[in-house]
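Next come two complexes, and both contain subunit A; in the first it sits with subunit B, in the second with subunit C.
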Partner chain A sequence: MFYRLSGVHHNSYVSESRLYRIPADRNLALFFLALGLVAPLLVGSLYLNSYLLPWLVWTAAALGLNLVTGWAGQLHLGYAAVMAVGAYSAVHAAKFGIPWEFALLIGGISASVVGSLFAFAALRVKGLYLALTTLAMQFVMDWVLTHSPAISGGSHASLQAPTFALLGQPITSDIGLYYIAFSWCLLVTVFMLNLRRTGLGRALVAVREKDYAAAILGVNSFYYKIVAFATSSFIGGVSGAVLVATFFFLAAPEQFSVTVSIQVLAMVIVGGLGSTIGTFFGVALILLAPGVVNGIVAKGAIALGLQLNVETLAHIPTATYGALIIIILMVEPLGLGKLYGNIRDYLMVWPFDQLKR
Partner chain B sequence: MDLILLAELAVNGVLTGLLYSLFAIGLVLIYKASSVPNLSQGGLTMAGAYVVLALAHDMGLPLWVAIPLAAVVMFVFGMGIERVALRRLAGRPVVMILMMTLGIDIFLRGTTLAIWGGTSRSVDLGVSYEPLFVGDILVSRIHLLGAAVAILLFVVFVLFFRTRLGIRLRAIADDYMASWSVGISVERGVGLSWGLASIVAVSAGIIWGEIQGVDQSLSLLLLKGLTVAVLGGLDSIFGAVLAGIILGIIENVGSAYLDPFVGGGSRDLIMAAVLILTVMLRPHGLFGRTDIERV
Partner chain C sequence: MKEMDNNYNRRQADAKVPPVLECCGIERRFGGIVAVTGVDLSIRRGEIFGLVGPNGSGKTTVTNAITGFYPPNKGSIYLDGKDITGTAPHKVATLGVARTFQNLALFNGMSVLENILLGRHIHMKPGVFPTALYWWLARPEEMRNREVVEEVIEFLQLESIRNELVDGIPIGLKKRVELARALVAEPHLLILDEPMAGMNQEEKGYMARFILDARAERGISVLLIEHHMDVITGICDRMLALNYGEMIASGLPKEVVKDPRVVDAYIGGAHG
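Up next, the complex of A and B:
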């Protein structure tokens, strides 16, 4: 615990480019991995499936958006549309009788094909205009979903997902579904953590910082923009499919509307652009805090003997959600990941803060 | 389709389009001064309408007192938003500024509904709903009033930009570094533009609130307002007015022809398509400035 940089010396490139350069970081990560693995034993199935599971799946989805917005610097306000493509194609594939393993893959691939369409907007414009274009594309996708009964599943506009199954074994227990979500989130997290160590990750960062400058350095910025959109859409599509398969159990257009796009972007920005651990925090805050605050207000009103309007209570989560975004951006525009980083850097060298980088 | 129907669709399209311009002028004012895309204009519009309602209905003030009072309240409120939230984000990447305005939008929507409830309320401007016939063409009075307000605001802003204060704002819009160096307070100018945009939001909130009722749907004007602003060029007020007219006609006539084929609801589709096409073909809009980027 004491001065955790002690004894950490790298004298080869291989050790320098390890995923965790400091054992303390690695141990912390392993601790949380173990915590995730034994979570079904620690918490009841209500908490497991209504808080932990959506948190993990949304984290996977938000990490995908972080790839394109945080790493490659391309604004994306149509991410929910991409998730919808993945979710609907996977569910349709599964209903058609294709095993879920391949249905998820089909969902991911079709999402990345549609997501690459968004990339063509990114080749032409960037910044604000890209955000507006992707927003408009989201509206087009919403419209297509709600206006084509063949996709959205008839007059009720909801599509029942077949029971999730792996290797022919149907998975219905709460714990089983939790492990599905957990392993998908783990896969995406490991991918995102390793991105820093790959040529792809460095190229994406170069494109983010300045695409012209990246082009001068020999990084084909068009190519990497398309790769970023396609990869993030694949992650988003599979996450959407996993979300429907393990949490919603049916797909409806409202689950992937423009407000959801904004929500995922809020998760990424509150968490911190380009920060993996921050995304976990950001998703937790945006997903869970409004409900918690609402509970506190409702209890507080009862305790103080105040009579609160039902409508007031119904809109407090929205107000809290907005206020959270504003406060985080005011306090630390780089997000919760940066706040965590500050605390970590301080504790890393703790009694000797003169070594602070 | 016969010509009279087409003419009616077009005339009503122009009027509706001017109402979109009324909304979009607020966006343009802020973008002009600070290059901030104000995605919270929908929330501001909603807040403006609710403030008018609170003053007129809940406190019983007559409308001619309530509306100017609401404009003052919202002016201060808009400047406050800029001072508290936006100023410290100056120079940050656009994604954070976008998110901040989205956060403000969500917050305003949640707070207004938490305070005043979500049921749709009417402003009761006292404009009659009797249809007005101009020749053979049927026109709605409230749309006519709204269009008049939009044109009035446009004229006011054209005149305003010729005053000393307006020239300062124009200088800031042109080059804020240069403005700083000649002693213009850029911060105060940007704050002023937020205040003015909030007043525009009050007027848009009243007119749109009278047409479709004061409720959450007011904040959905954002997509249409954005499309108008982008088509006109994000920093041109004249562009916003003209683009509103063009878009109103396209939307009204287009949806009348398209709706039978696609089963209704093609308005949003047309808006989104126009937005995508504008950005793809001419990102700086009809009258906007093209930016030159340095590596």
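Up next, the complex of A and C:
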């Protein structure tokens, strides 16, 4: 049902290697692309800029982390630090008078350089040790940010970002900013989708799965780990800069603290390691679920005529949201992306119930 | 058998070309344990060379020394006349050595096709920019290499499982996929570490045929590690037997398998 393999015939390798081989998948992707494009007409600017926009930017950021954690298999607990490097470099560059296009690029490249330093740790240690090393780097970065007035303006200060501009045209409208976020997310998504069908993606999976077998095929795991860290840091850096330029409008050290690192990792794990569509779901859950649950609990309490005190009202959503994450990971350890995949696989063979790919 | 001897003699005649692989006095120790010592072997172009020995006799250590995982403590290794002693595994691969593993080393989570495509890695230039600009930079290269892969898929009769995940296919096919992955790299030297372990007679027959065909069609030389003596005597031109890390016999298979020391090592003294 809906997803049908019948009638799909490929007569060239080019046709077989397209992003969406099943018409339903392609149509669905196009539908959401169109929905994203016309979203400003459909939803008010409050929803557009306080829900959709951060969702898209965080998705781009989480996809970057997914590259290094999901694809290359390197646990990374210092991703927010990398985003901070990108954000601060870009804001400083923009304040210096460099056009935003280049400022974003500078943010990405400087984040990439710092992120590659993380990679040198990754080449020495693995697994939990790597997680701890990257976590330590996050703390170092936090300290550097709060203690160097030249970068952050001091421990409790924040850095005002200059007005975002493209090709010299300042972009101040909500819709304009939304489209900036949308374009960046689209670029990263297409990159991640392409990863599934290129040598780079295969090499990263090889490094993740069995490094000795990768080596005998000529895959230099040293090199590909650095590539993974550098690329993911570039994506993270630009995402951090875009986040500051279109959402926060100012950069402060707390925006990129260790809590944020863990939150982004949670987005990736709940979404599904290595899954692009899952990352969209994962970010939505981590970022938007608390607000939604909050609303439901508050409305429900009023509807049922219950008098809940403020403390209970604050704790129920947090507990529900925590429980939701646990339930999802217990039902499907591979995350929301796999959960969607299961439904899709089921529908593909419906009404026969064997779950075949 | 007669025909095979003729082949061998013909190849003996043009022995002037440097051997594909030459190992001189290889020794590898792990702490105080001497895993392999004083091993000399030389594989000529187009030859299928058997390496046998009881479990723990150092066969896999020899291949790990050649492929750079455990560089020898003593001795040297030449590939096509070039010294490769101590070269890192991923560089040995680019020099034209491919190998399969005793306990399969396929990448789970990827399809058969993707696994075999990884074998083409040394002939491709994957990177971030080709991935970002797939349609312009990566696609032509991917398609060129896909054609090479498809040839090998056809050769090894893997068409029907091309898009299956490797996690779910039977072990006989997994071994064949691993052979395909090694073959698409177009190696000069193919090292097969027990390609027929755990196979039935029919699957063994298929595998032996594939190895012979690979040599005939692609002109590659093969270093074959096996416990099945029928396979070794059936398809190998020459062989070497190891026991406790030392060479105990080498030469023509039918002579080596009759060597009292080999019989002794394999079946025990009482038999002799």
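Keep this in mind: the second predicted complex is superposed on the first by the 322 of 357 C-alpha atoms of A that agree within 3 Å, B and C clash if a C-alpha of one lies under 4 Å from a C-alpha of the other, contacts with A are read in each partner's own complex, and residues count from 1 in each chain.
The rule is short, and it goes like this: a contact is a pair of C-beta atoms (placed from the backbone, for glycine too) under 8 Å apart; a residue touches a chain by one contact, two chains touch by 3 or more.
Everything quoted here is computed from the prediction, not taken from an experiment.
By the document's definition of touching, neither partner reaches A:His10: not subunit B, not subunit C.
Contacts of A:Lys299 after superposition: neither subunit B nor subunit C is touched.
When both complexes are overlaid on chain A, the residue A:Tyr129 reaches subunit B alone and has no touch with subunit C.
In the superposition on chain A, A:Ala319 makes contact with subunit B only, not with subunit C. Annotation for subunit A, partner touching more residues between subunit B and subunit C: B. When the two structures are aligned on the shared chain, A:Thr69 is found in touch with subunit B, with no touch to subunit C. With both structures placed on the common chain, the touch criterion links A:Val205 to subunit C but leaves subunit B unconnected.
In the superposition on chain A, contact is made by A:Asn194 with subunit C only, not with subunit B.
Within the superposed three-chain model, A:Asn220 lies in touch with subunit C and out of touch with subunit B [touch as defined at top]. Residues 210, 212-213, 216 of subunit A lie at the contact with subunit B in one complex and at the contact with subunit C in the other.
By the touch criterion stated above, subunit B contacts subunit A in their complex at residues 37, 84-85, 88-89, 92-96, 98-100, 102-111, 113-115, 117-119, 223, 226-227, 230, 262-263, 265, 268-269, 271-273, 275-276, 279-280, 283, 293, 295. Contact residues on subunit C toward subunit A in their complex (touch as defined above): 67-69, 88-94, 98-99, 101, 105-110, 114, 117-122, 124-128, 130-132, 134, 138-139, 141-143, 146-147, 150, 163-165, 181, 185. Residues of subunit A that touch subunit B in their complex: 69, 73, 75, 121, 124-125, 127-129, 131-133, 135-137, 139-140, 143, 146-147, 210, 212-213, 216, 262, 265-266, 269, 273, 309, 311-312, 314-326, 329-330, 333.
Remark: subunit A residues 13-14, 17, 191, 194-195, 197-203, 205-206, 209-210, 212-221, 227, 231, 274, 357 touch subunit C in the complex.
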